[in-house]
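Shared between the two complexes below is chain A, which has chain B as its partner in the first and chain C in the second.
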Partner chain A sequence: MNYEEFKRLYEVSEADYENVRKIGVKLAPAINDFVERLYAYMREALGYEFEIHFPDEASLARAQSLSRRAWLEFLEAKWDETYIKSRIRIGEVHAQLQIQPRHYLSSMNKALDLWSQLAYTLAPNQKDLPKLIESFWRVGQMEGALVVDIYSQRTGEIIAQQSRALTDMSTPITAIWDGILMLPVVGIVDSRRAQDIMQRMLEQIAEKRAIVFILDISGVAVVDTAVANHLIRMTKAARLMGSYTIVSGLSPSVAQTIVELGIEVGDMKTTGNLQDALRIAFDRAGVEQTIGAK
Partner chain B sequence: MTQRWRRLRILSQGDVALAILEIREMAKRVNMSSGATAALATAVSELVTNVTKYADRGLISMRPAVQIRRPGIEVIVEDRGPGIPDIELAMKENVSTGGTLGLGLPGTRRLVDEFDIESQPGQGTRVRIIKWS
Partner chain C sequence: MAQSEARVILQRVEGVLIVPLPDPMHDAFLDDLRISVLEYMRHHRIAGLILDLSGVEVLDEHDFERIRRVADGVTLMGAPVVLAGMKPGVAAGLVMLDISDAWVIPSLSVESAMERLR
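== the complex of A and B ==
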């Protein structure tokens, strides 16, 4: 993350920091009063959400102490390593608690409002007070953007984790017989997923000493050149490991599409349905077929 | 009556899946046959994948096309990526700069009924296709 970019976007200059420091010295003694009023506002405005985020006294006290520290840092207005780290931490905490950005940002707005009021009460004779408060808001709003940015990054990471977990679950390679593995592929196959499938397929072939691997693609939405390319590569890699791959479940329209695309499937073994694939697999694996054998 | 365009952003590989789902939905709505739907969805997959592969980001627009008693769908896929320096070459079989099969563009042309491509190096690429059921 480029922190300088935030400064540029919010047109925050060194003079703004200087101004925040000037008024910050006057405001710091009121920190406890400030935190109390901020949390009173949040309790009122967030209602039930507030209860969810702070279910007991301990969690509330923890949050308040974090707020206290964060705001004291803010009043010192040092754009240093510690400051940035602590803002990242705030963003992470908000992501973990799944606090809605609108709740965070409105509370931020209220906080800046409270500080402005306190400034007029505590330092009525301060020179250039409106200007100092203007800087205060500028830096405060930039900080809001910074925290929300980190928040959305973390949320993105959580989604990526979940989708990885889903991918794991969507490659259920099953040993259906001695030496025969099967994987039904369902949905849309993109490069990352194809890579994933290939890796798990080869691992399982090695582990289970598979003679035949059946890849059933009847549930795949689209077989385009990229997917076909992946299928060919999987077949080749499996063959190098001494395993024979059968791609089953090619529907008439998929077969036609592959031909139209001009894909050379080479010696990749394909079948229209799973039954044919099983028959070939049993033959290869030397399984005697007594049921349904012709 | 002209139909409204449905437009989707193409930002990441995940958008390929969304575009495919969307086009299948539209195909269903206009009663396209399953064979034509498979061909169209594959064509869309090719074109959108190309955007994520070469241009990083772009747009896909789709709308039901109008022809008497024949349902169809018109699709435009465009990007402002590096463009294709030699379209004639790119439309040949087995020519790829992306380390893949090199069948995408010529294959896509065979899958659909109308196919126009415009590309300027440094300006981007725009492909328009129509599939009739």
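== the complex of A and C ==
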């Protein structure tokens, strides 16, 4: 990501950093007082969620020490690698703890408010004090945007990861023999799921050089025209790649439905149970059957 | 005719002709292919023709129809035609187009197609 963009968006200049540094020197000694007041605010404002994020003294102390370090860095006001890295870390930690952006941003707002008050008490005679505080706010708000940006990015990555895991879990393709793959399909097959299944199925056929693919549908809740058409498509695509598909586990009621709906299954090979499918598969793959062979 | 177009190369291995299909595929290529293979078959006996699709990432209805014409011609002259190594994306795409593929003799790879034709 281009972090320089944040400086441009928030119109933060070198002079602003200069100003933050100037006032930062005066504010740094008050860091403990600041952190205490900030966390007092958060305890008040976040209510029970505060307890969730900081369940015990140790985790609270740890968070406070991290805050202390982050704010000391802020007061030093150096836009460098270390600073950006530490902000990325803050965003990641917030994403991991699932702290809501509104809580982070409101706390950030409170923090800037606290620093402004401290500035007026600690350095009442500072030259250009309103200007310095203005810079302080500008840099602070930019930092807030930076952290929230990273937060949302990480959250997006977590979601993408979960959906990948879900797809993998819902299509557990297993190699049960040399050249024979099997996929038990469980649950509801809608067109999105059918697309996922077909994609994974064809990829695996190409990768594992599957001569036979067994699609076991005994766990499919409903087989209607749409589902049957998806199955026919999968079978056809697999055939084009040179693989033979057997749809196993057709229950009597499913067979009945297919007949009643007048679905043309064409060349699709179907069997009532997995055992028959395996026998055909072994035959096709040239596996010698010594157990249960007739 | 554009210079970049792939030329037809007929490779004979143990009595089987193997032709890799290029990507992208031009009409001229498939026409050339049909003529070259049929001409070749006039003088030589072959056990079959393998069209190697493992390098083809995109294949539309039009290309597929042209390939069918090649296959039909060769089949008429008495040799089977095997489509080998079709990519998952191509297979899924063709199925979505809902075109007739009953004529296709498919194979996972050139290797397994060879085993079949020998």
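For this structure, a couple of remarks:
One rule holds for everything that comes next: the second predicted complex is superposed on the first by the 174 of 294 C-alpha atoms of A that agree within 3 Å, B and C clash if a C-alpha of one lies under 4 Å from a C-alpha of the other, contacts with A are read in each partner's own complex, and residues count from 1 in each chain.
Simple rule for what comes next: a residue touches a chain if its C-beta (ideal position, glycine included) is under 8 Å from a C-beta of that chain, and two chains touch if they have at least 3 such contacts.
These figures come from a predicted structure and were not determined experimentally.
Residue contacts after overlaying the shared chain place A:132 against neither chain B nor chain C.
Contact with chain C, but none with chain B, is seen for A:241 once the two complexes are overlaid on the shared chain.
Of the two partner chains, chain B is the only one that A:191 touches; chain C does not reach it.
Of the two partner chains placed by the overlay, neither chain B nor chain C lies in contact with A:231.
By the touch criterion stated above, A:202 is placed in contact with chain C alone, chain B being left untouched.
Note for the complex: chain C touches chain A at residues 83-92, 94-96, 101-102, 104, 106-109, 112-113.
Those residues of chain A that touch chain B in the shared complex are 187-188, 190-192, 221-226, 228-229, 251-254, 256-257, 260-263. Touching chain A in their complex are the following residues of chain B: 13-14, 16-17, 20-21, 24, 34-35, 37-39, 41-42, 45-46, 49, 93, 100-101, 103-104, 106-108, 110-111. Residues 198-199, 202-203, 205-206, 209-211, 233, 236-243, 267 of chain A are the ones that touch chain C when the two sit in their complex.
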